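Below you'll find the structure, written out as structure tokens, and then a few comments.
Note that the chains are named A, B, C, D, E and F in the order they appear, and that numbering of residues resets to 1 at the start of each chain.
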Amino acid sequence: MTVSKIHILTPIITQGVRSLDDVIPFEREDLKVTHSLLDEGPASIESEFDEALSIPDTIRKAIDAEKAGADAIIIDCMGDPGLNACREVVSIPVLGPCQTAMHVASMLGHRFSFLTVLERLRPMIAHMVAAYGLQENYASFEAVDVPVLDIHHDLGSLSNALSDKAHKAVKQNHAGAIILGCTGFLGCAEAIRAALLKDNIDVPVIDPIPLALHVADALVKTQLSHSKSIYPRPGAKRIVGYDFPGLCL
Amino acid sequence: MTVSKIHILTPIITQGVRSLDDVIPFEREDLKVTHSLLDEGPASIESEFDEALSIPDTIRKAIDAEKAGADAIIIDCMGDPGLNACREVVSIPVLGPCQTAMHVASMLGHRFSFLTVLERLRPMIAHMVAAYGLQENYASFEAVDVPVLDIHHDLGSLSNALSDKAHKAVKQNHAGAIILGCTGFLGCAEAIRAALLKDNIDVPVIDPIPLALHVADALVKTQLSHSKSIYPRPGAKRIVGYDFPGLCL
Amino acid sequence: MTVSKIHILTPIITQGVRSLDDVIPFEREDLKVTHSLLDEGPASIESEFDEALSIPDTIRKAIDAEKAGADAIIIDCMGDPGLNACREVVSIPVLGPCQTAMHVASMLGHRFSFLTVLERLRPMIAHMVAAYGLQENYASFEAVDVPVLDIHHDLGSLSNALSDKAHKAVKQNHAGAIILGCTGFLGCAEAIRAALLKDNIDVPVIDPIPLALHVADALVKTQLSHSKSIYPRPGAKRIVGYDFPGLCL
Amino acid sequence: MTVSKIHILTPIITQGVRSLDDVIPFEREDLKVTHSLLDEGPASIESEFDEALSIPDTIRKAIDAEKAGADAIIIDCMGDPGLNACREVVSIPVLGPCQTAMHVASMLGHRFSFLTVLERLRPMIAHMVAAYGLQENYASFEAVDVPVLDIHHDLGSLSNALSDKAHKAVKQNHAGAIILGCTGFLGCAEAIRAALLKDNIDVPVIDPIPLALHVADALVKTQLSHSKSIYPRPGAKRIVGYDFPGLCL
Amino acid sequence: MTVSKIHILTPIITQGVRSLDDVIPFEREDLKVTHSLLDEGPASIESEFDEALSIPDTIRKAIDAEKAGADAIIIDCMGDPGLNACREVVSIPVLGPCQTAMHVASMLGHRFSFLTVLERLRPMIAHMVAAYGLQENYASFEAVDVPVLDIHHDLGSLSNALSDKAHKAVKQNHAGAIILGCTGFLGCAEAIRAALLKDNIDVPVIDPIPLALHVADALVKTQLSHSKSIYPRPGAKRIVGYDFPGLCL
Amino acid sequence: MTVSKIHILTPIITQGVRSLDDVIPFEREDLKVTHSLLDEGPASIESEFDEALSIPDTIRKAIDAEKAGADAIIIDCMGDPGLNACREVVSIPVLGPCQTAMHVASMLGHRFSFLTVLERLRPMIAHMVAAYGLQENYASFEAVDVPVLDIHHDLGSLSNALSDKAHKAVKQNHAGAIILGCTGFLGCAEAIRAALLKDNIDVPVIDPIPLALHVADALVKTQLSHSKSIYPRPGAKRIVGYDFPGLCL
């Protein structure tokens, strides 16, 4: 029996936003989950600035996870921070939940809408859609205007706001799939989907972390990983201010 | 424990091209596979004509599979014949191995090349790339010029020919992932990848059926399916020459 | 004098939706029209399922038409069902009215809107736009929500509904041409164009069947047909359930 | 009987490059052709500079043709010079042979190659492909390096050179249709097609003027023209150096 | 010290729309500006017809400017009339303010909206966006419906109308930069930007002529010009009705 | 007189690769240049890993430069590391030499080729082309396979290798402009251009840093900067391991 050990790397320093409780229900005898937070970085990721500060320690945690025996890594943030840099330093598959969700949403519903917390993320999402080559599949972007760390204060009204935006995405922008664009929305998918079904709208509502977990498992089981020709290992060189054994001279 | 029952639907009438032996090694306690062939249709699929004749019975077999309790269906042909029509008549996820492989290849290697049997398939593949919105991720098409039903006559030289084409795809067209574009190539991936690694080329070589099997499992486990708003159930109407209970008046 | 014999192939089994009366006014000494319906297939085409069931007999009727001396074939449905498969089995030009209308609309008005019966066709039209490579020319899709077989019940209100949608397409989506996206709308173009002209909107309103008839004539007169290198004849093979002399072993 | 009077407007001053002899074989009782050359402009068109000098008198000749009773106008140059400006000043359809050929080639062969006289035209053709929204259908550009006015000096070797380029376009760039990209190549299509067929390459070779003539006829017969909302009539204003009654104050 | 002598070529015959007063504030010891109007051409440019009549004398004035020692030329019209033809006949950089503004706007704000005088210019702008390859960066087109020569009658209400359109472009179409799409709007940028800032919208508002002036200076200082391989000098040939020494036989 | 103070921020820790000597010849009375290196980061940038480690201190140095009175900032690396993050934290224009060069190259030569040090950078450049929306203008990527820090060991053979690649880019990929894709190539442009001119190839060869310097000056002189609505200032939050006054709680 091949056991897939999937490491979920939450690229922020804040405890409590993500715990293993969220994903433990998905564990099986052959699918195990581990988790880490950053020691250095921002409390949440809501800007390119935040992303930049999260990436160095994310890279380190990815290296650590591979050394500790993980079979795949999921970067637990919808900005996919450090995705390509992590792929350079490890050989095991590294998944961005945003990239994974966008591709699966394209498969299931032709065109997807992206629902997230803040309007200011619109250009960052557009940037990722372009980098992933999925412009033809991108229906719209919708924001509910709630900062990441306030998400859990009023889950009911958050869920309602998200359902309204999902409704608009389908009716006005003809989305065929909804992506919950903040990993902090974990668990809202069911309520949104129920609200849409009441209006006879039957589109998949994608909770990216459980999906990425199972796609990571699929890659491990089929022995696939990213291309090391596209994401080659960095050459060792002099580096000041960061300590990466084997990569810093 | 959620058990995923995945039905592999081979949309041709020829026995022996596909058997459960190919995929049984992937079965787990929570992942079971069933299989069907067509009763009516072509011996193999190498043209739009062949595809057209395969689709009506493919639709029927998809309906049957859902009734028999399958949790997801894989159409076992790289032309994804009848993919959208099947999605209209069932609610469980229906996966095309071509669509699945193209999306995962885009994730793992940025741009993919498609290796298949016959040059004449080039426009059909281009058509699918366009329909799936993946033109930016499509590096090249390569054919080894062997008819589908002759694939198994000389696996060694087939494998060499595929390795040469894969090498060209990476070096000349800068592919970051290779898709084995005929489900009959099942099992060649390992040899091709080994041949590439000898030349220091490290790109994923995707065997679409095992991949689709595990992605189907991922969808079942996360309770996702295609959008029924995008692929709505056909209205019942008068139909002559085909018998689809509930759909024909 | 070169006489063009154009065969109009209506890919449904329903008598009365199309008759030669519709196109006979266009006949000339050097332009003759014949017509056929399907023996097997659906009563109308409103889904990918319907399309799938229409294609096998459409292919047969295309072969029959070529044998009977037709110079070109028009598949009389805006889904262009079986277009590529028919091109594989005959050498005379086969035209899809949708493909023809989309290209001519792009020439005459830069960007076109597609007006049709049912919202559910939106993804099928998007699929064709992508396959034909015309995304840059596609302004919008509008549906009046009338089933195909009910079109003729109230032509006045249908015509009004279509005019309203055409108006919106021009004013909101900046369409420069309107395509009547259901061959059953034959004859409505004049009324829609008159309604638009009242509002000082002067855009071509394309009735696809008369247009395809004359473009087919143009191809016959200039001795052009589709590429048989792109749409090569299928190899003969064992086929069960369908009888295609010369193609089935 | 509707007679289509098509005016062929050759936008250069050189007599003898085009004569009615070229197209008279296509005349029918209901299809009549007239012709004009420029009084002012260049001897041939091989640059944007040449085009610029050809357009003012082309516009005048288009106005004259409409006044003289023409039903449609073809601008007899593969640069489609003045196409949009002419559409502004007349109501009858104005066709560019390049635009017409590119759209029909896309229909018949999916992707087309453009064969012409001079390498220097490559950016001008790319510009038109972009303006017409046909990038996805553009396979390649090939030039035989012969100035326009030398075309008729050695038709045999021109035809061979064009056949070689067409062969390369199909085999290397996977073109499914060939456009003869200089209206001076009129009459070469048959020889090129014969040469390709010898190598089992069966793709349409499009001679743009006969094709445009018949597509113009198709538009006249179906009463379609370009959108006057997209190409509105210019307002009258003060103009120095040109005399356009009704447009100059 | 390298002095850049930039020639502003206003491609109309109307005096008073542009004077050196507009740009003299930007002169420096090392940046000098000269100016010319057309002798032959239209009073303003609001159509493809107007453009066509402006280009021959624009080419002549470009040749004259180079001979008179200019280091770069700016064609002072947002239709960039004759841009490529002028590049063929001179070696010094020729800039179109539209092309320049669109590229800089893409750099500063990701996606830009184009504000101009008349709705009828929409297709001409779309054509330029396509020719410049900037579709992904084009957010929207907005027109205030004022003829070019009436712009200066009521600058206050013009400025208000432009501010409203800019506001809509940002809020509805998510533009990150505004291009003033008529060189006659020179001087309005500051008022529009102030109006947007009042609503907390901070996007660049581009006045194309001052920008083009400084980008032209940047090219001169870095010794860059357009490619003469892409815009090669026209061969001399017989030309009637125009006198271009060295280009007409 | 408006003096532009441009800060060149070299995002590596290695002294000697860049000095003010390179750009001082471009200084004028109204154009002054300052310079900084990183205190923390990599010795050179040749991977996404290197980039990630360079960005935090690049952000800090950008903040410092604005505080010190700079009018614009150029990030002196062709990967444009931290471009968007820097734009979030400052209000003065921040330019990436890659973005600037790609846009200007598109203006001057329609399609550009990118010449750089290492084949491994191909996906990173493709990523930027996509993010900047310039796919239609991207002709090719060529690498000479020399590590950044070895560039200065043999400038003669480097220059020859670059000339050969530029030649290929023009002849095979039809590039109309060449971008020197490593800021370490500063000074090679003249030799490459001379080599091309010997073969009658006249395309601009862009040295990105001098170009970016003058485009930055153009922005300062016209008072344009990036959109703060697209790149809004990050909210202050708890950050561990980095000290950004005003941004870290």
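We adopt the following convention: a residue touches a chain if its C-beta (ideal position, glycine included) is under 8 Å from a C-beta of that chain, and two chains touch if they have at least 3 such contacts.
Please read all numbers here as calculations on a predicted model, not as lab measurements.
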Touching both chain A and chain E (chains): C, F
Chains touching both chain C and chain F, listed by label: A, B, D, E
Chain located farthest away, centre of chain F as origin (C-alpha): C
Gap in Å, rounded to a whole number, between the CA centres of chain F and chain A: 30
Chain A and chain C: spacing of chain centres that average the CA atoms, whole Å: 44
Approximate Å spacing (C-alpha centroids) for the pair chain B, chain E: 52
Interface hub residues of chain E, defined as touching at least two other chains: 110, 123, 130, 133, 135-136, 176, 230
Which chain pairs touch, all of them: A-B, A-C, A-E, A-F, B-C, B-D, B-F, C-D, C-E, D-E, D-F, E-F
In the complex, chain B residues that touch chain F: 110, 136, 174, 176
Chain B to chain D touching residues, read off their complex: 122-123, 126, 130, 135
Chain B partner contacts - residues on chain A that touch it in the complex: 1, 26, 28-30, 93, 95, 99-100, 103-104, 106-110, 132-137, 170, 176-177, 201-204, 206-207, 210-211, 214-215, 217-219, 221-222, 224-230
Contact footprint of chain C on chain B as seen in their complex: 13-14, 38-44, 46-53, 55-57, 59, 82, 84-85, 87-89, 120, 123-124, 127, 130-131, 133, 147, 230-232, 234-235, 237-242, 247, 249
